[in-house]
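Working notes, beginning with the structure itself.
First chain written, first letter: the chains are A, B, C and D, and each begins at residue 1.
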C-alpha cells in the first residue's frame, strides 16, 4: 500500500513539475504581457494542483492534508486576482515591457 | 559543556536598581507615546532628574561596596539567561550621561516646549521621546552583560539618534540623517556577524563567560575584527567619520549636543567592553598600536579640517572627530606593548575620564553654539564680533568647554591627559605623548580662532534677534563647570574605574 | 551526493544568482522584483537549515513586508529626475577586493569550527518543561532572553516614531500617505472582502501554535499587518490618522503588558521577567497575543509611511 | 560538504555582495537593497551556527534562531525608516541622491538653528 502511494506521489509531482516547466517556457516565449499572463496562471495553477494532489498521501494526518489543499486554494485565489489587476493595468497603459 | 565552573553570578543585594535603570526609560517612552502632547515633556521632566538620582545611588553603591552590582534577568544564569552588570566604568559613565542628558533637557525646554495652544506638535513630541530613548539605550549599553543585548541597545540608540538629526526637516539634514543611518546600519550588521561567529565558537555571548573561554583562533580573530570595524563605523573613528560632521552640525542645538556628547560614547564604550572585558589581553601589541595610529590620524585630520571651517557648528563637529581619536589613544597605553596583559589601570581611568570630560565639555559647546546662532541668526565664525558682549555667559561657557578639551588644569581633560601621559612614560611609548601634546595644540588653535573673533568688537552694531532665556545659558555654564571641576575627582573617587575589573588587571584582588 | 544535497546546491546557486542580480541589475524595479523572489527562496534555505520559525519570519517580514516597502518606494522614485553617476572603476575595484577579503575571512571562519561544537540546546530543552512551552525558540524568546524581545518591541515603536517625525509640521497628526489603488476595482474589493477573515484566522492560529510548534507573535503580527494593508489599499477601510488614542494604545499594548508582567515577576516570582511557577504558559500566551496585535499595527503603519495629508474636519 | 557548510559559504558570499552593493551603488534605494542582502547573509551565518550546534533531538540550537528572529524584525524597522527618509528626501529635493551638491553638506547660508 505504501509503495502504491509513493508511486502515485512521484507520478503526480513530476506531472506537476512538467506543467510548471511548460508555464515557464510560455512565460519566455510568448510575445506580449497578456498572453504571458494567460500562460502563467492557467498552467501554474494546474501544476500546483497536481503537486498538492500528489503530496496528499504523504501529509501527516487529515489536518496536514487540509492545510495543503487550503494552500492550493489560496494560491488560486491570489493568482486569479493579481492576474486581473495586472491585465487591467496593462490594458490601461498599453502593453509595453 | 566544556566549561565546568559556571560563574558564581548571582543577583547582588541592590541589583534591582539596575532593572529600574532600564525599566524607567522604557516605561517613559511607552507612556509618553500613548499620552502624547505636552505629557511627553512632563514625563521627561520627571524621569530624567530621577535618572540622575538613580545613577548617583548606583555610583555610590559601587564605590562604597567596591564590587560590581549584578542582576540576573528572569532568574536564568548566563549562558542561558542575561545578566546586567554595573562595574566602576559603567557606574561613572551612567552618572555622566544622566547629568548631560538632564542639562540638555533643561536647555531644550525653550526650543521644544509645546506652546499652550497646540495639542501636540511634531518636533517636541518626537524630541522628548527620543531623548528618553537615548537615555534608556545608554543605560542598557553600560549595564548589558550580553553581547546580543548590546546589539539591541545600539539599535535602540541608532533609532533614537537618527530622527534627531533631521528633526527640523531641511533637505541637507535629511541627507545627513540618511548617510548616518546607512553607516550605523553597516556598523551594527558587522557587529552582528561578529556575535554570530563568537556564539559559534563558545556557545555563549555573556561577557564574563566569554572572558574565560576566549582563545586565539581564526573564527575569534575574524569575529573581533568585524565587530571592531562595525563599532568604529558607529563611533565615526577616522576612516569612517564622513557621516558625523553634517549630521551633528545640521541637527538642532539640543539634539547636536546629545548626539556629540552622548550617542558617540555608546559604541566607544562597547569597544572598551569588548577589548577590556570580553577578550582581555587578546588585542596584541600590533592591534593596540593600530588603534593608536587610527586615533592619531583622527586627531590630525579632525583638527586640520576644523581649522578650515567657516561655520561654528561644523568646527565643533570636526572637533568631535578629533576628540574621538583621543579616546582611542587609551588602547596602546592600557594594553601595553611588551606583554599582552593589561599594564596600567591608570590609562584606562585616563581614557574614561577623557570620554567623560569630552561629553560634558562638548555638550556645553554645542549649546553655546546654538545660543550664538539664535542671537546672531547665523554662525559664521568670521562675523562673530561682539557676541561676547551680547551673551557673555554663553561665551564664557564655550571658553570653559574649550579649556577642558585642551586639557588645562584643573579640568577633567587635564587629569585624563595626565594619567595617559603617566602611562605613556611608564610603558615607554613616548610617541603617544607627542601625539597628545600636538592634539592639545591643535585644539587650542581652533579654540583661539573662535574666541578671538567672539570677543572682537562688532563691525556693525549688533542687535540680538531674540533675548536668550537665562536658564539656557545656565545649563551650558553648568555643564562647562562640571567639565572644568572634573579634575578634582583625583582627590575623590579616581579609583572607581578599577572596581569590578578582572583581577589580572588590578594586580591582585581588590 | 544524495538528492537533497543536489537540491541544496541548486538552491544555494539560485540564491547567489538572484542575490548578484539584485546588486548588478541596471534598473531599480527589476532589482526589487529580484529581491522579493530572493526573500522567498531564502525561506526555503532556512527550512533546509531546519529553522522553521526563522523560515516563517524570513518569508513574512524579509520577503513580504520588505518587498512591499521596496516596491512602493521604487514606484515613487521612478519620477525622480537625474540619476547619480556610477562610482568610478578604481573605486569599484578597490571595494570589490575589500568585500572579497571580508567574504573570504568570513568563509574561513565558518569553515573552521571548533572540534567539540559547544551548544546550549540541551540546557534549553532541560529547562523548557518548566515553562510549559513546547517550541524551544519561543522558550528562548519569551523565557530565557525575554529582555531582548521586550526591548526589540521598543525599537519597533521608536522606528515608527522616527518615520512619523519625518512628516512636515503642517500635516502632523494627519493620515499616512499609503498609496491606495487608483480606481475602485471590483476584483480587488472582492479579494479584500474574502481574504482578511481567513488571514485573521491564520494569524491567530500562528500566534496560538507558536507555543508548541514553529510560529509566534512576529509571524502572526505580519499576517495581520498584511491583511490590514490589503483592506486599506482596496479602499474598504480608511487609513487612520496617527493622533488617534486607540491607534496609539494598540501600538503600545503589547510592550506594556510584557513590561507589566516582567515587573510583576519581581514581586510574585523571583526576578524581573521571571514567571511565577505554573503560570508561565498562560502568561506567555497572553503576552504573545498582545504582541501580535501591536506588531501587526506597527508593521502596517511602518509600511504606510509618515502622515501626508490632514483629515478634513 | 553538508548543508550547513554550503549555506554558510552562501551566507559569506552574500555578505560580500551586499557589502559591495552598499559601498559602490550611488542610489540610496539600491544601498538599502544591498543592506538587506548583507543582513540576510549575516542571518544565514547565524543559521549555520545554529544548525551545527543541533543536539538533544532538535534540528538546531534555538538560541541563535531566536536572535535571528529579533534581528530580522530590527532590520525591517531599519529598512522602513531608511525608505521613509529616501522618500522624504525625494519630496523635499525632487531627487534621491546622497552626494551633497555642495561639499561639506551644510554650509548653505540658511544655516540651521
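As a convention for this text, a contact is a pair of C-beta atoms (placed from the backbone, for glycine too) under 8 Å apart; a residue touches a chain by one contact, two chains touch by 3 or more.
Fair warning: this is a prediction, and the values are worked out from it, not measured in the lab.
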What is the chain whose Cα centre is as far as it gets from that of chain D?
A
Does A-C or B-D have the larger number of C-beta pairs in contact?
B-D
Chain-centre distance (mean CA atoms) for chain A and chain C, in whole Å, is 27
Counting in whole Å, what is the centre-to-centre distance of chain B and chain D, each centre being its mean C-alpha position?
25
Taking each chain's mean CA coordinate, chain C and chain D are separated, in whole Å, by 13
Distance between the centres, which are taken as Cα means, of chain B and chain A, whole angstrom:
57
Considering chain D alone, which of its residues make contact with at least two other chains?
15, 19, 32, 45, 48, 52-53, 61, 63, 67, 70, 74, 77-78, 81, 85-86, 88, 98
Residue numbers in chain B touching 2 or more other chains?
148, 152, 155, 159, 162-163, 166, 169, 174, 193, 197, 200, 203
The positions of chain C in contact with two or more other chains are 102, 106, 110, 113, 117-120, 122, 124, 144-145, 148, 152, 155, 159, 162, 166
Please list each pair of chains that are touching.
A-C, B-C, B-D, C-D
Complex interface listing, chain B residues touching chain C
1-2, 11, 16, 19, 22-23, 26-27, 29-30, 33-34, 36, 71-76, 79-82, 119-123, 126, 129-130, 133, 136, 140, 148-149, 152-153, 155-156, 159-160, 162-163, 166-167, 169, 174, 193, 197, 200-204, 217-219, 221-223, 225-226
Residues of chain A touching chain C in the complex:
74, 77-78, 81, 84-85, 88
Can you tell me which positions in chain D touch chain B when the two form their complex?
15, 19, 22, 28, 31-32, 35, 38-39, 42, 45-46, 48-49, 52-53, 61, 63-64, 67, 70-71, 74, 77-78, 81-82, 85-86, 88-89, 92-93, 98, 100, 104-113
Contact residues on chain B for chain D in the complex?
111, 148, 151-152, 155, 158-159, 162-163, 166, 168-179, 181-182, 185-186, 189, 192-193, 195-197, 199-200, 203, 245-246, 249-253, 310-311, 313-314, 370, 373-374, 378-379
Which of the residues in chain C end up touching chain B in this complex?
102, 105-106, 108-110, 112-114, 116-120, 122-124, 127, 143-148, 150-152, 154-155, 157-159, 161-162, 164-169, 172-173, 243, 245, 248-249, 251-252, 255-256, 259, 262-263, 265-266, 269-274
